[in-house]
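Multiple structures follow.
There are two complexes below, and they share chain A, which is joined by chain B in the first and by chain C in the second.
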Partner chain A sequence: MPNEEKLSLCRRYYLGGFAFLPFLWLVNVLWFFKEAFLKPAYTEQPQIKSYVKKSALGLILWVAVLTTWITIFQHFRARWGEVGDYLSFTIPLGTA
Partner chain B sequence: MEHLISINCVKLLIATLFYTCVLSSSVEQKIYVELNNTVPCVRLLNATHQIGCQSSISGDTGVLHVLETESDLDWILSSGPHPPYMVIMETAFFNRSVMMRMKNSPRVAGVAVIVSKTGLADHFSPHTTCPNQNTGLYSENNAPELANCNMTVWNPFGNGLSYEDFSFPVFALKDENQTQVIRKCYEDHNLRVNGSAPRYPLCAMQLFSHMHAVTDTVTCMRRTDLQNRFSINPEVLCDPLSDFNVWTSTRPLNSSAKGHVADESVVIAATRLDGRSFFWEQAPAAEGTVSGIVTLLATIQALYPVTREAPPPRNIFFTFFQGEAFDYIGSSKMVYDMEKNDFVIDLNNVHSMLEIGQIGLRRGQSLWMHSDPVSRRNTSVDTEVLNLMKNVNSAAAGLSVKLDQPSFSQPLPPSSFQRFLRAKQIPGLVLADHNTSFNNRYYESMYDDAENMNVTYPPNLSPDEQLVYETEEAKSLAEVATLVARSLYMQAGGENSRLSNITADPKIVAQLLYGFLVQKNNSWFRSLLPPEVTKKGDNSILSSGPPQFYIGLGPRIHGPVHSVTRFVQYILANLTGSVTNLTESQCQNPSEVNTENKDFFSYFWVSGPASVNGTEEPFCVQASVRLSKAVSPAFELLQYGSRDYSTWTESRWKSIRARIFLVASRELEMLTLGVGVAVLLLSLLVTYFISSKAELLFSSARETPTTTY
Partner chain C sequence: MGSTCQLWAFGFCHLLFMNTSDSEEDSYNERSALVQSESPTIPSYNQDHDMSLPQETDTKRRRPVSSGLSEPGPVEREQASTPDGEEEELTLKYGAKHVIMLFIPVTLCMVVVVATIKSVSFYTEKSSQRLIYTPFEEDPNSVGQRLLYSLLNTIVMISVIVVMTIILVVLYKYRCYKFIHGWLILSSLMLLFWFSFMYLGEVFKTYNVAMDYPTLVMIIWNFGVVGMICIHWKGPLRLQQAYLIVISALMALIFIKYLPEWSAWVILGAISIYDLIAVLSPKGPLRMLVETAQERNEPIFPALIYSSAMVWMVGMADSSNTDSADDRRRNEGGARAQEGVESEDDAAQGGRRRYSTEEDLEEDRGVKLGLGDFIFYSVLVGKAAATGGDWNTTLACFVAILIGLCLTLLLLAIFKKALPALPISITFGLVFYFSTDNLVRPFMDSLAAHQYYI
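For the complex of A and B:
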């Protein structure tokens, strides 16, 4: 695959991740990590490197936010009563 | 040729697989012994709490241990080496202290209670000490000195077990044969030998009773609504307790005209139709409920001939309230309908009220007339109450029933009359066999049965002979019924000269007692009910044994109308109705026939007495007996957290069953798992090794065919 195409793919995945799609950033990091940091240098590499770094940052932020929210929700949903029920998609039977 | 052989091989393989699949379920039968006769304890919820029992979604398993002595209790709770335990509890240990210790212990997986009369304590009532204390007449706002049983504790033997929340399943073992199977398994495997612990494999039991609803009615109904609105496959979590009240009147009332009836003054005679116990759908309720039902039915039977010949000025309205054990469901609904002008009469039509409470355990003592001191502070009400007491006293002349009054400031016992007084101050009395606390030592428990009411039959009587045998209790209740009938006739303004003609028939009382306490599938009940019910066999309401008086969830969910409601309805049709010569289709659709009036009467197609050669001749009975819905107004108003009305609901569940089997020790299970995982890893390793060295291993084999050519 020519380097210009790699750069444009990396950019597209980076921009797409802003549409609340952190998985695109994860894929970006996994695919282009070798390209950005382990291959010998070529012209497009610094830009790919910056995209990968920014995708990784966004990914870590998303993971932190989601983990916090999921922990809080799982722990406190029962205590929230009505609000908890309205926020839930499926409510387990027989337990609070 | 090879082709044919391979096809036959394939057919043989398929046939073997088919047989193994069909026979493979027998392995499950070799492991598990299913216990078919299970009586669970289920979860009930009200506006603020949940009560009852809950199991895990995949059942609770525990090693069996029979609780017979105190040392067994220590073994289960602290010293036994194989927790959690499934406790098989002897009757004597089913009390509050033991159950609360089990509730707080993590070593108890569940309890199976042996229900028998051996070892039964002198008194056992799982109900609270103050029944229906929050929904009666006396509360913090109205006469707080009489509220919460401050003056009189009505049920002193109550231990409140029915109102506790257990996080493990509790089942009842009623079938003696099944209990024997469990005991045998226990004795074969779980007994301690010379004080040392028993060794694996041990006998264990698994109980499934996973309840869907949690927390309280408000949460459960909210979640049901959410499911109904947003889910593709809605899951209902709980249902309100509901059924029907049964009512009739001496002068038929127009059921299509609702609200106040001009120039109609009504005397209400009421009693309750339901009971409960700790376990689901078990409620023999002999002294608590049957005594009242039988007496009121006999009263109606005594009054009807005379009210036909010489109708009194006032109408007499008889009603049987369903659901009174759960915060007065039936009576609160009727009062609510009367207030909303949605019933055939309204509260301004009511002149006075006479309620029959628990009257079965009189034993020759006095009958007590309870009245409400709060409403009697009003002088006009007080005069009417004194008048009613005078009528009852004069009706007792010539009968062997003595009457007495409790002290003036004593409140009313828990009764439907309290709900009427909440709406309007009506003069009335509640008749009971007790003064300050119940005579019933087994109130709302599984042991409130015929024996508790002293209804016993001599041995060697056939069922038909038992049906008509007049016990002492039958004669005593017939006397009370005569008293009530005469008092009602006088209260309704009837002439005193007719009073001596009003007598209750002890034979009818004896038949009613037999049908409601011992065996509901008897010849008299069968003659009263429609032919499709009597023919249905075991699944109908005429299964063997006494009827159970738990209210249940109503016809939408539980099939036909509750059995007790049906029985009372058809017995009333028999006692007060008249035979018509309508055909079956006319009986089902009486509006098509000009001479019949659907507004004033109901029409019932009944079997009739079974004749000698087995042929039945069903006929149509016309009677002014009606059913009215008994569901708490809280569910119509959608006020699920209501403090004024009953909010009781029953949880739904998927399966309730029990089974026993042998369990191996944890170490053996882990060892088996470990060996399995090791074999898996080893086989993966060998496969990887073989596949990577494939050319080396199989190349010599491939060379040989080439050399032969």
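For the complex of A and C:
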């Protein structure tokens, strides 16, 4: 794949991730990690590096947000009563 | 579930056996599948044996189709260019590699299906809902009526498939590429979002896990969108392969759930026969499709094909040479669940345009298998797991399918033309299933009961 195309792909994946798609950012990081950090330098590499770094940042942010929310939900779901049920997709049976 | 029919529109299973050779540079091993989004995004695997022959003798680096055995065909063609012993050895090596490259995804798909069947009871519960393609309800009480109804269901299903395939061929002949592409995108949207949503719901219910809507929406949204991007546009090869496997597994699970018991077995048998006819007979729709594509020097319509390696085309001087550059053997049955473009071939096309002059670039083209094949293999093994007595039956079916796949690849190497991937495997699978269930299982049971170890 020519380097310009790699750059363009990396950029598009980075931009796409803003549509609530941390998974896309993860794919971006994993796919272009070697390109950005382990290959000998070429002209487009610094830009790819920056995109990978920014994607990683965004990914970490999203992971933090999601982890927090999931922890809160799992812990307090039963206590929230009706709101908890309303938010739930599946409700475990046989537990409080 | 009526819309699953759409997914049957595009013929049957392809097994493409690609010419292989080592890639010279590491970058070509990057294995990023590039799928271009412009239409016609049709893969170019229409290299027929005949068309590639003139170029075969020219390009000395070109390896013949790899297969597990030495065939007279490619070997004699290659005699002029390369030493025999080395050639055969390479052929053998690549052939074995290709077989393994297909074993792994097929196995993974089957493992996913069997694991789901065994753990999530939803897919084995019989529901009152049925696919509209199997309108006759089987009455478990009367054998004769059950048999009759399953035959009728099969006839309905097969005729739907035939009609869909013919529509597809007609659409292709009249160049309605946008329509086909749109249809594929719609089908893949449904698979990636709706079916996976159902699947997740059932898994969570089975494991009694609380899941909230916001998280669920995030998961499904991410899974679906990245899937669409990977399959229909560009994405890492491994991810694309994984998505194709997951989609096939989801589709197979839907079939397992919604096809009535006996109808499923008869349908499996009938589809293999249809596959055989459609691909091999001169007036078969799939064969016509292939030939039309070859006439136009175009890649075949976008269908879901699983490809196991990246293709960087060996240099071709210009696009008119594209056909001859690779001898791809196409084993075509048709592609069932169809969405999206075959990334491999698009990459190939892209690669061709880019590396036009270097003839000593070699590529590792890997093997291709249509998703319909994955789906029906998994349906067979899944049903064996669901209704068969124990693991013996499941394993026997699994082994049978792999043996069938091996043989099909072998035949492909020998005949070097489009071959259906379903018949041999499904036949073996069915034979093994019924014989294991009815002969081996009682035997093993009574051996165990009498504590007699053999």
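The criterion applied here is as follows: the second predicted complex is superposed on the first by the 96 of 96 C-alpha atoms of A that agree within 3 Å, B and C clash if a C-alpha of one lies under 4 Å from a C-alpha of the other, contacts with A are read in each partner's own complex, and residues count from 1 in each chain.
Note that a contact is a pair of C-beta atoms (placed from the backbone, for glycine too) under 8 Å apart; a residue touches a chain by one contact, two chains touch by 3 or more.
It should be emphasised that the depicted structure is a prediction, and the values quoted were computed from it without experimental measurement.
Q: Following the overlay on chain A, give me a clash-or-fit verdict for chain B and chain C.
A: clash
Q: Tell me which partner A:93 touches in the superposition: chain B (first), chain C (second), both or neither.
A: both
Q: For A:36, using the defined touch cut-off, is the partner it touches chain B, chain C, both, or neither? Pick first, second, both or neither.
A: A:36 contacts neither chain B nor chain C.
Q: More residues of chain A are touched by which partner: chain B or chain C?
A: Partner touching more chain A residues in the overlay: C.
Q: On the A-aligned overlay, A:21 touches which partner chain: chain B = first, chain C = second, or both, or neither?
A: A:21: touches chain C, not chain B.
Q: State whether A:81 touches chain B only (first), chain C only (second), both chains, or neither.
A: It touches chain B, and chain C stays clear.
Q: Would you check which partner chain A:1 touches, where first means chain B only, second means chain C only, and both and neither mean what they say?
A: After superposition on chain A, A:1 lies in contact with chain C alone.
Q: Taking the two structures together, which residues of chain A meet both chain B and chain C?
A: Overlap of chain B and chain C footprints on chain A: residues 91, 93-95.
Q: Once bound in the complex, which stretches of chain C touch chain A?
A: Within the complex, chain C touches chain A at residues 27, 30, 32, 34, 201, 204-205, 208-216, 218, 221-223, 225-226, 229, 234-236, 239, 354.
Q: Could you pull out which chain A residues touch chain B in their complex?
A: It comes out as residues 81-82, 85-86, 91, 93-96.
Q: Under the touch definition given earlier, write down the residues of chain A that touch chain C in their complex.
A: These residues of chain A touch chain C: 1-2, 9, 16, 19-24, 27, 30-31, 66, 69-70, 73-74, 77, 87-95.
Q: Going by the contact rule at the top, pick out the chain B residues touching chain A in the complex.
A: Going by the criterion above, the answer is residues 54, 57, 210-215, 219, 222-223, 226, 235, 237.
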